[in-house]
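Supplied in structure tokens, the structure appears directly below.
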Amino acid sequence: MSNKHSATLLVSCPDSQGLVAAIANFLLTYNANILHADQHQDAVENLFLMRIQWDLHGFSLPMESFAAAFAPIAEKHNMSWEVSLSSRKPRMAIFVSKYEHCLVDLLHRWRIGELDCDIPLIVSNHEDCRGLAEFHGIPYHVISVNKDNKEQAEAAQWALLEAAEVDLIVLARYMQVLSHKFVERYPHCVINIHHSFLPAFDGAKPYHRAFARGVKLIGATSHYVTEILDDGPIIEQEVMRISHRDDVDDLIQKGRDLERVVLSRAVRWHLENRILAYNNKTVIFD
Amino acid sequence: MSNKHSATLLVSCPDSQGLVAAIANFLLTYNANILHADQHQDAVENLFLMRIQWDLHGFSLPMESFAAAFAPIAEKHNMSWEVSLSSRKPRMAIFVSKYEHCLVDLLHRWRIGELDCDIPLIVSNHEDCRGLAEFHGIPYHVISVNKDNKEQAEAAQWALLEAAEVDLIVLARYMQVLSHKFVERYPHCVINIHHSFLPAFDGAKPYHRAFARGVKLIGATSHYVTEILDDGPIIEQEVMRISHRDDVDDLIQKGRDLERVVLSRAVRWHLENRILAYNNKTVIFD
Amino acid sequence: MSNKHSATLLVSCPDSQGLVAAIANFLLTYNANILHADQHQDAVENLFLMRIQWDLHGFSLPMESFAAAFAPIAEKHNMSWEVSLSSRKPRMAIFVSKYEHCLVDLLHRWRIGELDCDIPLIVSNHEDCRGLAEFHGIPYHVISVNKDNKEQAEAAQWALLEAAEVDLIVLARYMQVLSHKFVERYPHCVINIHHSFLPAFDGAKPYHRAFARGVKLIGATSHYVTEILDDGPIIEQEVMRISHRDDVDDLIQKGRDLERVVLSRAVRWHLENRILAYNNKTVIFD
Amino acid sequence: MSNKHSATLLVSCPDSQGLVAAIANFLLTYNANILHADQHQDAVENLFLMRIQWDLHGFSLPMESFAAAFAPIAEKHNMSWEVSLSSRKPRMAIFVSKYEHCLVDLLHRWRIGELDCDIPLIVSNHEDCRGLAEFHGIPYHVISVNKDNKEQAEAAQWALLEAAEVDLIVLARYMQVLSHKFVERYPHCVINIHHSFLPAFDGAKPYHRAFARGVKLIGATSHYVTEILDDGPIIEQEVMRISHRDDVDDLIQKGRDLERVVLSRAVRWHLENRILAYNNKTVIFD
């Protein structure tokens, strides 16, 4: 697959005439074979957003010179941009507590190649998932967290993440709230799964509250973590029908299937550089 | 179809041994051919709920004697119950403002026999839908509502509803909030369609707020109207996928398809005596 | 809305370097403000497909000169292309037999502006829907069709379509099979709704066959009509859950909701120039 | 949970008056606390089907005497019936080839208690999934199958299944077709997952054929295995939306999520005695 040696450029900037032409001409100058291109214009915010992926085979600009060569265009149009190479696998940490269903799912998808990344470590506040981690050959670090040691615990987590040069943190039903300080370090790099259809039932015990309210569908939401709990940019959501025959335990069981699918899609899209977040929303270039 | 001459019994009572046997034996005594039966036990609330429909052909108990004959069983088990005859069509009023999509849908379903009821009147606070009502041969009453005349307007509406002996009121995108006094008169007999996935985005402008929050699915909810706005027992919900390519107008357009389907299902289930409401929830015997 | 004076270009051609740049540069030359752009590359077929819509306000090339100005690019890259102006409404004919649910739906969407087209005529082989057509002020032509008069009937239909300068024909549950000769005249301009999830249950009585097979979901499919029955390029599909409690009549009733939504989406996408058909498939630029 | 000591009775028989009363009275005689009851009448086939589950705590009939005590009722009404005790876990064998996604899913659900059964063995024609089986502590047997040794291979499989006293065989993407002789031994006790929305794309390479046909949704189907390939009673189906941006590999990847959910639901329903199969269809008492 030629995708194996490709580059992906994500761009966002104020909308104006000539943006597509400017980027297309730049790439053409160096003989880029474009594999996929997608763009979006937000008319309300006057924003232009683009994702463009090209084959590096035959591309005549060395990627170490890309930034310098692209700078004039980026400056002229006031672009935020980021380029990723398929040859460099993103490094992903997984945080988990006791519920293993999301972890099982992520590790399985990783093992069969559905998630193209390295997983240098799994962090947990419990021992429960160690066997699973070891079966997959991934270091498993237990750092207990309680009311009194939160700061030290996060410092220890941070040290591990730094040492492992992690690009992405996935909270796979990790039941501790991260501090503002922690979250600020990883803007749009921490993905959480919340077990409700946000903004309904944010916070604790969403399945119990969904049951109490008598909703006819339950949901799950993956989102980037920000300082406000369950409020970050939504990446993906899915729902499932329930009925009066379902009690809270049934909701929890059915919800697990939602959580896994919704979290793994978000993770894959992030790893494939398909997500642009702005204004507390996301654009998914699928 | 034998359904044309059938009776439907809805029962709710504290759960105890022998309830199914008691009801089944009672009906068997009079040679009832049971067409459909469904029951539900709410273990948390210790409630037993049942819907049972039987053919009146060959049923040896005259329906005018049903209440007296069934009373001993009902009293023994502390039952709430209601029996409906397929030969008596429910009488439904529709309230509408300017958006016609739900009205068009209800009238079409009624005309082709999908909604088995009489529609003695349509009430509106605007003239817009008169043509549609007249095309279907249904009296159309315009009663303006504003801040100052709400009480008189509701009195006029109520007089119409009383005169028409209405059993069910459907708010098909009727944009006025009904008073507590009005709602109290029709417990579990007023069905509303709210254009969001409740409890998310209750209140005004749900599509605008869904757009602002960046959700990936929009929804619609039909529910019985209670004193608290958008808080009554949910009857049906449905969602639809949206993307960053959809602006608020797209959400409104896509949402119309949800609203129609979700409202019409609720109305049909109500007309077919499939709904039991308790504890601010519903059981749907489908 | 600036969309009201916009142009939309649909292009398909063999994939090669520089296509996006060529089209973007061409439009930039004439100061086009691009409103939406979307492209797709079919790696297997080595095809490039693009839809690009721009504001005509400020566009310095008169549209009557577009073809001549674009010709060199089109020829160089061997493009098939078509440009549509928002100022010219497409002209749509609807064919219907006795079932009115799709017709009601299309006419409602048209009346509220969801389908941006003119409807110069409705053609039927029965009188049933005349009232509906007249309520909407649309001429209604009944042309009986039977085994013996098919050729004459189609000649009469064709004469009506020609006189009305129709661009699109929608078969809204029209129960007659069109001849090859008829279909050939309107390549990718006749949209049909089939009441199954194609390719399952093509041909007659799909709901009866779905019931007999015991499927757990029923579907509907909108597609362009080709010479082979129920085999043309699929535009849209949707499904709905059923259960053992549903008999054939329930399937037919539930299926109506699918048919309406699936047909109307296809019609809207066609009217908005969002569909490119090739290789008996469609690309939907949404 | 009282469910832990419950009995479940599945009954099917010709429909007639007094069936519900007969069963309810029988259970009441022995003080059964009914936990769940559901019944279905197939008016076309004149069949009555029932599932009834009761608490064994306080039930005064010893279960070893159930058959004798129930026999008069069963004979009078010509019933087929089966009673299962929650205290006896069903024994399930899993067959798998190389694709592990369904196996991973089933084993995870089993480990967290979602599938209430014993898994005495996994049978495969390849070594690939041995590690996974061993991690879960389940014996893994490799029996190679080719054109020439099919009969001996099945004999070996059968010996293993007999020794393990297996009640249910799940084909979790097992890529060999079982012989008629083999299937006949396990009527309605072999569950397969087919990676299409049956009856569309039965047989080989369904994702490739779905791609070639240009469908807009892909599906998966779990069903009981019968002598005719991909033709047995359908237990569950689910679909997922795809677009022109998805190639065959994307369909395969997306389809894995369908296959897992659809297979696991079927297995759970079977283990919970929720399925009654007749006339090449299933009733699911959920």
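Each chain gets a letter, A, B, C and D, in the order it is written, and its residues are counted from 1.
Everything below uses one rule, namely that a contact is a pair of C-beta atoms (placed from the backbone, for glycine too) under 8 Å apart; a residue touches a chain by one contact, two chains touch by 3 or more.
Which chain is which protein? Per UniProt: A, B, C, D = Formyltetrahydrofolate deformylase.
As the structure is a computational prediction, the values presented were derived from the model and not from experiment.
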Co-neighbours of chain D and chain A - touch as defined: B, C
Required minimum of steps from chain A to chain C, each step between chains that touch: 1
Rotation angle superposing chain B onto its copy chain C by C-alpha atoms, nearest 5 degrees: 180
Reference chain C; chain at largest CA-centroid distance: D
Chain B-chain D separation of Cα centroids, rounded to whole Å: 37
Chain C and chain D, separation of their C-alpha mean positions in angstrom: 42
Sequence positions of chain B contacting 2 or more other chains: 43, 245
Partner chain A, residues of chain B touching it in the complex: 40, 42-44, 197-201, 213-217, 219, 233-239, 243-245, 247, 279-284
Chain D-facing residues of chain B, complex: 17-18, 20-21, 24-25, 27-28, 31-39, 41, 43, 241
Interfacial residue positions of chain D with respect to chain A in the complex: 100-101, 104, 108, 112, 114, 131, 135, 245, 253, 257, 261, 286
